[in-house]
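The following pair of complexes shares a single chain, subunit A, combined with subunit B in the former and subunit C in the latter.
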Partner chain A sequence: MTARLLGLAVAFVALLTVPYWMPGDYYVNVSSQILFYAIFALGLNILVGYAGLVSLGHAGLFGIAAYATGYMLQLGYGHVPAILVALVIGLVSMAIYAVLSLRTTGIGFIMITLALGQILWGLAYRWISLTNGDNGINLPGRPQPFGVEINSANAYYYATLVTFLLALAATTVFVRSPFGAALMGTRDQPRRMNALGYHVWAIRFWACMFSGLLTAVAGVLFVYYTLFISPQTLALPASAEVLLMVISGGAGTLFGPVVGAALVVVVKSVVSGYIERWNMLLGLIFVAIVILMPEGLVPGSARLWRLAWRRASKKGAQP
Partner chain B sequence: MNFWLLLTVNSITFGGLLFLLSAGFSLIFGLMRIPNLTHGSLFMLGAYFGATFVGGMLGVAFDFWIAALIAAVLVAALGALLERFLLRQLPGQPLAQVLVTLGISFIAADFCLMVWGGDPINVASPEGLVGFLRVGPLVVPKYRLAVIVIAIVVAIALWLMLERTRLGAMIRAGVDDPDMARVVGIRVSQMFTIVFAVGAGLAAFAGIIGGPILSVYPGIDQDMLPLALVVVILGGTGSLLGSFVGSIIVGFVYNFGQALLPELAYFVLFLPMLLVLILRPQGLFGRYVP
Partner chain C sequence: MTALAVTNLHKSFGGLRVTNGVNLSVEPGERRLIIGPNGAGKTTLFNLITGELSPDAGSVALFGTDITRMPSRRRPHMGMARTYQIITLFPHDTIIHNVSLALLGLTPMRWNPLTDIKRQSQLIDQARGALARVGLADIAGRPLAQTSYGERRRVEIAMALAQNPKVLLLDEPFAGLSIDERRDVHNLLLAIPRNVTMVMIEHNMDVALEFAERITLLHFGEVIVEGTRAEVVADPRTREVYLGH
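Right after this comes the complex of A and B.
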């Protein structure tokens, strides 16, 4: 337990001081990307890890929040109404997703969310009068939360970090609350939970809504980071990517999605500078994870660590 | 008049291609309960292999149909290996199955980009099927009619295989109730490899047959996979008739949607699927809710 606390403290300090030890703005920007994708992955993990519902359409929700922000700004509204409308639209879309896809679980849920994500992508791609099609929407600039400029790489990193820490704290509270326990109950034993008097559908629905909120927040952070949104953000590969972040890091753990987000973003933006075939590398990493650590990187490493620890202490006990 | 006729022929042709693609997808889904997210990649690999064989490789250019068969057999073998050595290790773990099939599809997409580059490859129609068939005032491309015929022949062959042979009866039993099928002595997991290989081969065959119509380009895997998914949700998993009817419906909705409502084409495409999900979650001809 103390090792865990120590690790968390080191990670926290490392996150706080990123602009001081990263070699240059580019890497600070990569860190910002990792953090908002981590928020996205945390949101999806609520469903994949804790509710046992695998969504392959979350990029649609992420993207629709980003589009809503861009569109509102284009219409001439301020940043605050734009962000609020984006969050509301993200939540409403999530509610529609949930009502349609919670009719099933398992593979059925995957298929329906995939199809819903494709609908949103199709609208973004083809409804040119609204979304400007493949050319996307440019944003005029970033907001100034509480009067602070966040145009530099460092400032935007800290804005993202604060949001990330809030999202992580909210997720921790959510997962450890009685509601979180009930949610895991519906994942493992839906029938028993039903017999015990829990409303399984409603529990899943509200878990979806929390997941949708985190996703929409990540979408808004994304669009203010790139200042541009195009249909690519909503496409199936984007949904697959965030799902892979969750599964590769470790679904159903608090830090797994964060590690997964770091893995995918680093391969995508840093390693791709050195290796042309980074997509293939990413695919190979995923296959390797499934073969070597099917439970994901974080629980898998923890298991190996415990195993090594036990072996070491056994050796110590037998001189 | 000709506009509507052409649109109808295009819809049925596209429906035929979708049937070739989704019949295997549906059987794999129904029998193995695996969301095979590599199915679009198998389609794409078949298309690229076929295009290479037709275009000539090491100075030898194959006849279109022979190239299609070789490509289908190659991808079927690949599918069998994939099932045997990867998916077989992960029974009942949908998360790991999703991760591994997506990982493979990333690898396949990048492999195709590496070998064949980013430019679309146009595949010529086979000799004898170039040009148009004229019936009075009507003009219909010959190749598209041929694709319809092929799809119908494959559909009948698959139907005979499933309904009239011992293997088909065993597959149907496995789709309906895998546990009970095992109890009565059917080795369900041995059939997995067969069904997966057949599904992969059919997808690859669809890819090369679709070459002259769709051409072959990077990203075609992600264009086709959701369509196969819609077909299966519409028709019902594990049902051959369902795949057939679903493919024709999607073929019509897709082509007419593209022509009449281009801005909402994708929205219109997924609308019938949502209706089916709400009114009949097991699909039009499915027997169980996935």
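Right after this comes the complex of A and C.
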């Protein structure tokens, strides 16, 4: 417990001081990317890890919130209404996703979410009068929350960090709550949960909504980071990428998706500068994780740590 | 008022009739045993009563209220609880968490996403109380994966009892138990107060006959014999289709 708290404290201090020890703005921006992708992965993890529902269409929800922000700003609205409308549209889209896809679970759920994600990608790509097609939508600039400018790399990093910490805290409270326990029950034994008096469908629906909220928040942070949104953001590889973050880090754990997001973003944004075939490297890393730590990096590392600790204790106890 | 009334219940899977005009009337506080050879439709009857399956025809009433079309998730709120033939628990959690889930299922707190479940002292105390009734309070914090088969059976029963049921349906509670475990579960069932009506499916006639006041014999989805323990055991049809000669 103490080691865990110490680790969390070190991680917190490291996150707070990122702009001071990172070698330059580029790496601070990479850190911002890690954080908003971590929020996205936390959102997907609510479904994959805690509800046992694998979605392959979450990039569509991420993208629709980003598009809504860009479109509202293009129409001349301010940042606050743009963000609020983006979150509402993200939630309404998630509700539609949920109503359609929760008719089934397992492969059926994956296929319906995949199809819905592809529909949104298709709309973004072909509904040119609304989305500007392949050319995408440019944003005029970033907001100034509470009068603070967030145009610099450092300032945007801190804005993302605050949002990330809030999202992480909300997720922690959510999964430890009675509702979180009920959600995990529906993942493990839906039939039993039904027989115990739980409304399995409704529990899954509200879990989808929380997942959709985190995804929409991440989408808004993403679009303010890039100041541009195009159909690429909603494409299937983007959904697969965030699923990779969740699974590689450890589905059903709080910190797994965060570590997974860091892994994928670092390989994509930093390692890709040195290795041309970074996609292959990412694939190899994923295969290695699946073989060596099928439960994911965070629970897998914890398991190895416990094993090493036990062995060291045994050795120490021997005369 | 009858605790559980099943009237002319029918259910078919394709061309196979698994429940064929079953009538069952269980009085409050009664201990009813359902017996029958494999494939007689006993578990299907339980699934129809609990709403996990919808009947093709007929009705189910609980203390006079028609619950035939009521969603199965609402029946525990009406006072119906069940256990499963194949143990159906939450394998990654502790014993007390399993029982807490059973308690939580009947409270509005199950929708609460803001409080820590481990800090719900009333819920935890109630779960401990339910575990004490089945003799598992000492190992409440043990992960389910580290428990014996017999202990898991008792967890199943503790979960059902935690819901404070008026009608308890037990699907082969002695299946797979050792002699000692069987005795423990038997004593546990005998200790359940009379305000709980119990209907049990069981193949182990030694323990089941001790428990039962009235017995219903099912065969090919039909009730072929029903009566007191002595009447059913003495009936030649019972010997023919179930007990053997």
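The rule is short, and it goes like this: the second predicted complex is superposed on the first by the 319 of 319 C-alpha atoms of A that agree within 3 Å, B and C clash if a C-alpha of one lies under 4 Å from a C-alpha of the other, contacts with A are read in each partner's own complex, and residues count from 1 in each chain.
Note that in this section a contact is a pair of C-beta atoms (placed from the backbone, for glycine too) under 8 Å apart; a residue touches a chain by one contact, two chains touch by 3 or more.
Only a predicted model underlies this, so the values are computations on that prediction, with no experimental measurement involved.
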item	value
Fit or clash between subunit C and subunit B when superposed on subunit A	fit
Touched partner set for A:309, first subunit B, second subunit C, both or neither	neither
Contacts of A:280 with subunit B and subunit C, given as first, second, both or neither	first
Partner contacting more residues of subunit A (subunit B vs subunit C)	B
Centroid geometry (CA): angle subunit B/subunit A/subunit C, rounded to a multiple of 10 degrees	80
First, second, both or neither for A:196, with subunit B first and subunit C second	second
Touched partner set for A:243, first subunit B, second subunit C, both or neither	first
Partner chain(s) touched by A:122 [first = subunit B, second = subunit C, both, neither]	first
Lowest inter-chain C-alpha distance for subunit C and subunit B in the superposed arrangement, angstrom	13
Shared subunit A surface residues [contacts with subunit B and with subunit C]	none
Subunit B-facing residues of subunit A, complex	48, 54, 56, 100, 103-104, 106-108, 110-112, 114-116, 118-119, 121-123, 125-129, 235-237, 240, 243-244, 247-248, 251, 277, 279-280, 282-287, 289-291, 294
In the complex with subunit A, residue positions of subunit B that touch it	29, 33-35, 37, 86, 89-90, 93-96, 98-100, 102-107, 109-111, 113-114, 222, 225-226, 229-230, 232-233, 262-267, 269-270, 273-274, 277-278, 281, 289-290
Residue ranges of subunit A in contact with subunit C within the complex	173-174, 176-182, 184-185, 188-189, 191-200, 206, 210
Partner subunit A, residues of subunit C touching it in the complex	50, 52, 72-77, 82, 84, 88-92, 97, 100-102, 104-106, 109-118, 120, 159, 163
